[in-house]
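Read through the structure below, which is laid out as C-alpha cells, and then see the notes.
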Amino acid sequence: VSAELTAIVGATLIDGTGRDPVPDSVVLIDGDRISAAGPGTQVPVPDGARRVDAAGAHLIPGLMDANVHLVAAIFPDYILQFEGRYEELALEAAQVCLAAGFTTVFDTWGPTAPLVAVRERINRGEVPGARMFVAGNIIGFGGPFSSDFFAADDLIADETRARINEQWERGVGADLMWLTADGVRERVREYVETSGVDFLKYAASGHAVGEMHFITFSAEAQRAIVEEGHRAGMTVQAHTTSVESLRMEIEAGADILQHGNLTGQASIPEPLLDIIVERQLPVAALYYTAAYIAWARENKVSSTYNEHLDHNNRRLIETGANLLLTTDGFAWGRAIRHPKLAKYSDGPDFGINLGDAHVVWLKAVLEQGMSPMDALVAATRNPAVAYGHPDLGTLEPGKIADLVLLDADPLADPENYLRIRAVWKDGAEVDRDALPDPRVLTEPA
Amino acid sequence: VSAELTAIVGATLIDGTGRDPVPDSVVLIDGDRISAAGPGTQVPVPDGARRVDAAGAHLIPGLMDANVHLVAAIFPDYILQFEGRYEELALEAAQVCLAAGFTTVFDTWGPTAPLVAVRERINRGEVPGARMFVAGNIIGFGGPFSSDFFAADDLIADETRARINEQWERGVGADLMWLTADGVRERVREYVETSGVDFLKYAASGHAVGEMHFITFSAEAQRAIVEEGHRAGMTVQAHTTSVESLRMEIEAGADILQHGNLTGQASIPEPLLDIIVERQLPVAALYYTAAYIAWARENKVSSTYNEHLDHNNRRLIETGANLLLTTDGFAWGRAIRHPKLAKYSDGPDFGINLGDAHVVWLKAVLEQGMSPMDALVAATRNPAVAYGHPDLGTLEPGKIADLVLLDADPLADPENYLRIRAVWKDGAEVDRDALPDPRVLTEPA
Amino acid sequence: VSAELTAIVGATLIDGTGRDPVPDSVVLIDGDRISAAGPGTQVPVPDGARRVDAAGAHLIPGLMDANVHLVAAIFPDYILQFEGRYEELALEAAQVCLAAGFTTVFDTWGPTAPLVAVRERINRGEVPGARMFVAGNIIGFGGPFSSDFFAADDLIADETRARINEQWERGVGADLMWLTADGVRERVREYVETSGVDFLKYAASGHAVGEMHFITFSAEAQRAIVEEGHRAGMTVQAHTTSVESLRMEIEAGADILQHGNLTGQASIPEPLLDIIVERQLPVAALYYTAAYIAWARENKVSSTYNEHLDHNNRRLIETGANLLLTTDGFAWGRAIRHPKLAKYSDGPDFGINLGDAHVVWLKAVLEQGMSPMDALVAATRNPAVAYGHPDLGTLEPGKIADLVLLDADPLADPENYLRIRAVWKDGAEVDRDALPDPRVLTEPA
Amino acid sequence: VSAELTAIVGATLIDGTGRDPVPDSVVLIDGDRISAAGPGTQVPVPDGARRVDAAGAHLIPGLMDANVHLVAAIFPDYILQFEGRYEELALEAAQVCLAAGFTTVFDTWGPTAPLVAVRERINRGEVPGARMFVAGNIIGFGGPFSSDFFAADDLIADETRARINEQWERGVGADLMWLTADGVRERVREYVETSGVDFLKYAASGHAVGEMHFITFSAEAQRAIVEEGHRAGMTVQAHTTSVESLRMEIEAGADILQHGNLTGQASIPEPLLDIIVERQLPVAALYYTAAYIAWARENKVSSTYNEHLDHNNRRLIETGANLLLTTDGFAWGRAIRHPKLAKYSDGPDFGINLGDAHVVWLKAVLEQGMSPMDALVAATRNPAVAYGHPDLGTLEPGKIADLVLLDADPLADPENYLRIRAVWKDGAEVDRDALPDPRVLTEPA
C-alpha cells in the first residue's frame, strides 16, 4: 500500500462521464492519480489508506473553464498601473480559480510571458494554483492599446503603446492581416516555436467596430494557422463572431469554436449547426440568464445580446451540441465599474468575476433547457476532451486526481457548486483558506 | 452623303490603339459614329461634309476616367448642406468632366438615385455631360455616416444617419458582412434588379481603421457577388487594399481591380503580379508624383503612401500591366480644405479635382516609367475594354464619335491634355464654354 | 362705436394681475387694445359690438414665454440641413407658439438675421405669428460649431464652421473673452447698433465642460455689457450657472436672471437669495416635475438636475421670488431623439417642444408649492414687466388686446391651458387651425 | 578660523546683483554662508582656508528656476506607470537640476505629498538635490485626469481617476469654481494648514479649451485666495492666460505673475504693462527662440505662440520688467514624443527638459533684446526676491553659499552655463557626477 493512498468514503460520486450518481461511493487516490472509484460495495478501502469521511457530500471532478483571462489588467489604467506585476495578477487569478474548485483553466488571451512563467511555477509546485494552459495572443489581434481594444492614440505615447502591445502581440498581431497565407504561416510558426504557449487561438473575425463586422483571415491563411498548430501538437481554436467566420473556422479545421454561439445580426444556419452537432465540435459558448437578457434588451445592449444569440443558444442545447463551460472571466474580485465595460456590466447576473461567474453560466444553461448532468459534464469532461487532455475531466481509474467535494448536490442547484468542502489537485488537498496569496486585486471574502 | 457628316482635317491623329500618330489625318464623323480615320492621303473628304480645319492640332479619343465620384458631397457638412441637391452636384461634375475632354466616366461610389437620374437625363440628351456609368454603393460598405466613413454617432441624429445612409446603401451596406454567401447573393440580386446601376463594385477589403485591416467577404460570398453581376451582364470590380484581398478578388473573378495597387503594409507578391500581367487584368491604379510621395514620406502619411505602394506602382508599369487612368476625383472645383482630407490634401500635386486631376496621374505614371503612348491608351482604350464598352475608347471606323482636339501634343507633355480646342461626344461638338451650368460647387475659371 | 369693437361676454376673467377671477365678465376690444374689462354687471356691451359668447369659458391674457429658441436647427445635422431656411423654421415656431396661446415670446439665442426678419414680417402683419423679441447671440458664446456647443472640428470644414458660426456670433462670440472690458464694450456697442436685436443676453458663466465651470467675463466687462444695453434702451439678461456668476450678474445690474436657478454644485446662498427676492429681480427659472427629477436622479443626470437645483427651485417659490415662465423650447413638434440631447430627453415630462412644454413647467411649479394664480401671473404679467413691456401681459383697459379663451379653468389644472377655444393677438382673432403654415419640422396633430 | 572655511580664488565673480563682473576675485564660504566676496585685492584668503583655484573660471550664484514640475508623470501613461514612485521621479528631477547648477527650484504644480516628502529629505540632508519650494496643486485646477488636462473618462475607471486626481487636487480642485468667495477661502485655508506647501499658485484663468477662454475665479474669490496665502506668510502667484485675468490677478494682489506674458489673442494693454513695470511685479515669462517661433508660425501652433506673445515678450524686455527665468521643465531626460505634446514639441529649441531647457530661455531673451547681465540676474537674484528668499540669489556676504563655477563666461554665450566646473549648495560642493541616482526616467549622458 502506497504511503500516499487516500480514500474518500461515503460521498455521492458524480464522475463527470454523465453516468448516474453513485451514492455511498469510495474513491481512491494513489499519488497524483485516481486508482479506483465506485460504489463502496465494490471498492474496498485498503488498509493504511488515509480515510476522508465524505458521507452526505458530493464528489465531482475538478472543474475546468474553457475560457479565462488570468491577467485582469485589460483596461488602460489597469494595464499601466500593474505593468511589471502581471505575474502577480495571473497567480492570484489562478489561485482564485483553484479555491473555487477549478483545477484547470484555459487562458485564451493575455500577455504571454507572465502567463507562461506562472504556469511553470505552478507546474513545478512552487506555488499553488489552477493548472494553466495558455494561448497568449489571439493571432491577428493587436495588443490592448490597438484598435481591437483601446486605440488611445491621443493619450498614450507611441513608445508606451508599443511596449505594452508587444507583451501581448508577440509577432502575431493585427499586422498579420496585411500578409499572404504564407506570410501568416511563417509568423505563426515562429510564435509556436518561441512563445511557450500550449494551444493556439486565432481571430477568424474581428471585434465588431461600430456597425462593421469582418473576416480577419482568408480561408488559406486560416488553414495555415491551423496546420502550424497541429504540426506542433497543439489544439487550435478561433474567435468568431459571425456566421461566415464560424463556417470558415470549421472548414479550416479548428478544434474548438470559441464563442461559436456569437453570430451577431444573424442566427447560425441550420446546415452549419448540423455539422457542429454531427461532428460534436466543441463550442465554448457564453450563456446569459433570462434576467440579464431582459435587461440587455431593455437597455438596447443589442450588439451582442439579441434574438440571434438567444436562438443560437437554445438550438445548441436542443440539438445536443458539445458545449464547454466558459466564463471569459477575470479575477477583479468585485464589481468593477469601468467605462469600457459599463454598458454590459450594469446588468444583473453579469458573471465576469472568476470564483462565481461559472454559477451564472450554469444557471443560464439550465434555464435554457440543459440537464444538470449535461451542465456538469460541460464543466468537466467536455473541456478536457476538447483541449486534448484525456487524463483530466473525469473521476475514473488512471485519471489525474483532481476532485471537488461539495456539501450539497450540484445537480439540485447550481449555487451548490460554491458549497465546497475540499479540493484536491494532482492528488493533494488544496489549502483553500490560504488562497489567494498575496492578494492584489481581490479582497478578502 | 449624310447631312451630318463632319470631317476633321489636318490634325495629328492619335487614335487610342497605341499605334503611331498619324500626321495630316482625316477623321470622318457620320452621325454619332466615326466612319473613317486615317492619313489624309488615304481618307478623302466627301463633298458636302462639314470641314473642321485641324492643322497643327492633335486629335485623340474622348478621355475616360475609370474611377470618379460625381457627387462631391462626401463630408458631413456637404452631405447635409446639399441633401436634396445631389442631382445638381452630379450634373455639374459630369459637365466639368466633359469640358475637360472626358466623354465617359465611371462613377464607382455615390448615392444611386441621383446618379442614375442624371445619367438618364444626359443619355436622353436633355442636358450635356460626360457619358456616365454608375456603380451606386460599394457593396459591403455602409453609407457616409457609418464606420466606413464618418461614424459621427455622437453628433448626428439616428434618423438623419439612417436617411442619409439609405441613399447610398440601397440594401447592400455593411450589414451584408453578417450574412452567409447565400444571404449576400440574395441582396445583391435585388440590388442588381432594382437599383438601375450599370456595373457592380464590392468591398473585398475594408477601409483601414487604425492599424487594422481586414477582409470583408469570404471567398464564397465574393463569388456570389461576381456571379450575380455577370448574370445581369454587368462588369464587377472590387475595392481591395491588401495583398490577400487582392488575391481573393482575382480568384472570385472580378473584372477590374479597383486600386489594386494599394496593398498597404506589404507589396504585391510576384506570383500574384504574374497573374495580373498574364491575364491582363485591368488595374485602376492611383499614382502619385515624386513630389507628393516625398511630401507624404516626410509628413508620415504612411498609411497609404509608402514604399509598398511605390514598389507596386513601378512594378505594374515595368511588367506591362493593364492600367486604367483613375482619379478618384470630385468636382469641388477648388482647393477644398477639410479636416478629414487635410492629412492628404496638404501635399503638392494632390490631384483630386476633376478637370485637372488626370494630369497629375499622367505626370506620375510618366515619372515612374510609362511611355506617353501607353499613358494615353490607359486613358482611352483600356477603360473602354475593361468596362466592356468596345465601341468606345478609340478613333476607329464604327466607333462612337467621342473625340478631343488639342492645341498641342499630349505625348510631349501631360499638361497639353488641358489645351483643348474642341470636344465631340456622340458626334456632336460640345459647347465647352457653357459648362458647367449651373455651377453649384465650382467657380468660374 | 368703432366698427372694430368686439365684446367677449360671459367668460370667467383671469386678468393676469393676480386679482381674483371675475365670473360672467365682459371684455371689450377696440382695435388692438382692450377698452374695458370687468364684471358684466359693470361693463355694458356697446351696441354694434361684435359679440363673442364665452359663457362657461375662461379668459386669460395672451401667454408669454421668457425663453424660447425659435430656430430649432441646433444640432449639427439640423443646422446644415436647414441652412438657408432658418426663417422658415423661425416662422413655424412662432406660429406654433401663437396657436398654443403664446402671443409673445422672447427668443434668447439664435441666428440673428432670420429671427429679425421673421419678427419684422410678423410685425408688419404679413404673416401670423407670436410677437417676437430677439436677443440674437448670447454675448460671449461661440456659434453652434464651437466649444460651447459642438466643436465638431474633426468633421466639419473650417469654412463651413466659420460660415455657420458667423450667423450666430455676429461679432460678439467667444473671442470676447480675450478682450479687456473696453474691448468688450466696443464690440457690444457695435452689435447693439447693427444687429437689430431687441434685448441683450450675455454669458456670465460658461456651459459646463466636464467637471469645469467658470466665469466668462470679469465684473468690469459685465458692467460694460449692461451699460451698453441700457444706453440703447434694451433690457439685459445674463446666462448664469453658478452661484458666483449669479452674484456677479446681479452686481453688474442685469435686468433678468436667465435660469438663475441653475447653480450647479452649490445652492444659492441665502444672502444672495434675499437680494433676489427683495429687489424682485425677475428669474427665468427652469422647473422639472417630480417624475423627471426622480428619473434624472436614478440615471445620474446629475450635472444639471441635482439637490441644489431642487433646493433653489423650492426656495424661490417659498420666498416669493419674481418668477417667469420659461421653457427653453424648440418647435420640433415631436419627440426628437438626438445623441446630444438623449441623456436628458429620455426622461418623463421632458418639456422641450413648444406648444406644450409650458404645461410641464406649470405642473412642476405647482408641485413645488406655487399657487395656480401665481403660476398664471408668471406666464403673463411677470415676463411683460421684466422685459419692459408694460402694455402687455394683463387684461386691463389700455393694454394690447392679446387674449386666450379656454374651455376649462386653467387654475384647476395646468392641462387646461391646452383647451384653447380662441386666441386674439393685437385685437384680431387668430386662425389657429391654419397654423403653422407651412410645416417644416412639425407634423399635423 | 573655521575648520569649514573655503576660499574660491581667482575666478571672475558675477555676483547676481547686476554689478560689473569682478576679475580675480576671492569668495569665502564659511559653513553654509558666504562670509566675503570681492576683488582678490580686497578679500584676503584666511590661513587654513581650503583653497579652490578658480583662475580662468567664472563664478555665479546658484541658479534658480521660477517654474518647474519635478514629477514628470504628467501624461496618462506615465501617471499610471509610475504611480507609487512619484517621489523617485521628484528626487531624480531635483538632482538633475542641481547637477545643472540649479541650487533652488520652485515647483508650481504636482502631487503634493511626494514633492513635500522629497523636499524634506533634501532639507534634512539625507539625499542631495536642488532646494525645493513646492506649490502642490494649482488652486482651481482639477488633477491630471480632469478636463484641465486629460479627461479620459471613456478610458479610465472612475475609481482610478479619483485616486489619481486626489493626489494633485488636495481639496482645492476645479470644484472650487462652484463656490462663493467665502467657500473658496475656507478650502484654501485648510489647504494652507494641512498640505505642507511653501507657496500658493491659483488659476486666475483656465487652460484654453478649443476657442474658449475664461476666468476661473471672481475678483472676490481671488482676493480671498491671496489673503489666505499672505496670512500664512506665503507668496501667492496666479496662472493667467488672458489680459483680463492678468489684470484681475494684479488687482487681487498676487506676488508673482506666472506666465504673465501669455495673453492669448490679445496683447497686454500698455496701461497694464505700465503697472507691471512700475511696481516691478515679478513676471515668470516663457520665452521662445526665433527658430521656434518661426516653426510655430509655419505649423499654425498659433493658440499659444503668436504675434501677441511676441509683442508682450519684447515689450516686457524693452520696458525693463522684472523677469524671472522659468522653464516649465520636466526631467524626462530625452526627447519625449507624446501625442499630447507633439504639436508643440516637434519644433526646434523646444526647451522642456530640465538640465538644459534654461539655455533655450536665455538664448531667447538675448535674441529679444535683454542684456546678458539682466538675463543672469533673472536666473538668480530676481526669483529669490520674488519668492521672498532674500538670503538666496546673490553672492554677497551673509547669503547662503550656493555657487556655480563655470569654465567659460556665461555673459558671452548662454551655452556656457552648461560648462560647469563645480557647484556648491549650502556651502558644500556637490558631487555632480553621482547625480541623478537612481535614474528612473533619465538616461546617462
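To keep things simple, chains are lettered A, B, C and D as they appear, and every chain counts its residues starting from 1.
The rule is short, and it goes like this: a residue touches a chain if its C-beta (ideal position, glycine included) is under 8 Å from a C-beta of that chain, and two chains touch if they have at least 3 such contacts.
Everything quoted here is computed from the prediction, not taken from an experiment.
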{"item": "Where chain A and chain D overlap in contact partners, by chain label", "value": "none"}
{"item": "Separation of chain D from chain B in steps, with touching chains one step apart", "value": "2"}
{"item": "Chain centre separation (chain B, chain C; CA means) in Å", "value": "55"}
{"item": "Cα-centroid distance, chain C relative to chain D, in whole angstrom", "value": "52"}
{"item": "Gap in Å, rounded to a whole number, between the CA centres of chain C and chain A", "value": "60"}
{"item": "Residues within chain B bordering two or more other chains", "value": "153"}
{"item": "Chains grouped in pairs wherever the two touch, ordered by label", "value": "A-B, A-D, B-C, C-D"}
{"item": "Of chain D, residues touching chain A in the complex", "value": "75-78, 80-81, 83, 150, 152-160, 336-340"}
{"item": "Residues of chain D touching chain C in the complex", "value": "142, 146-148, 151, 153, 174-175, 177-181, 183, 206, 209-221, 242-244, 247-248, 263-266, 269"}
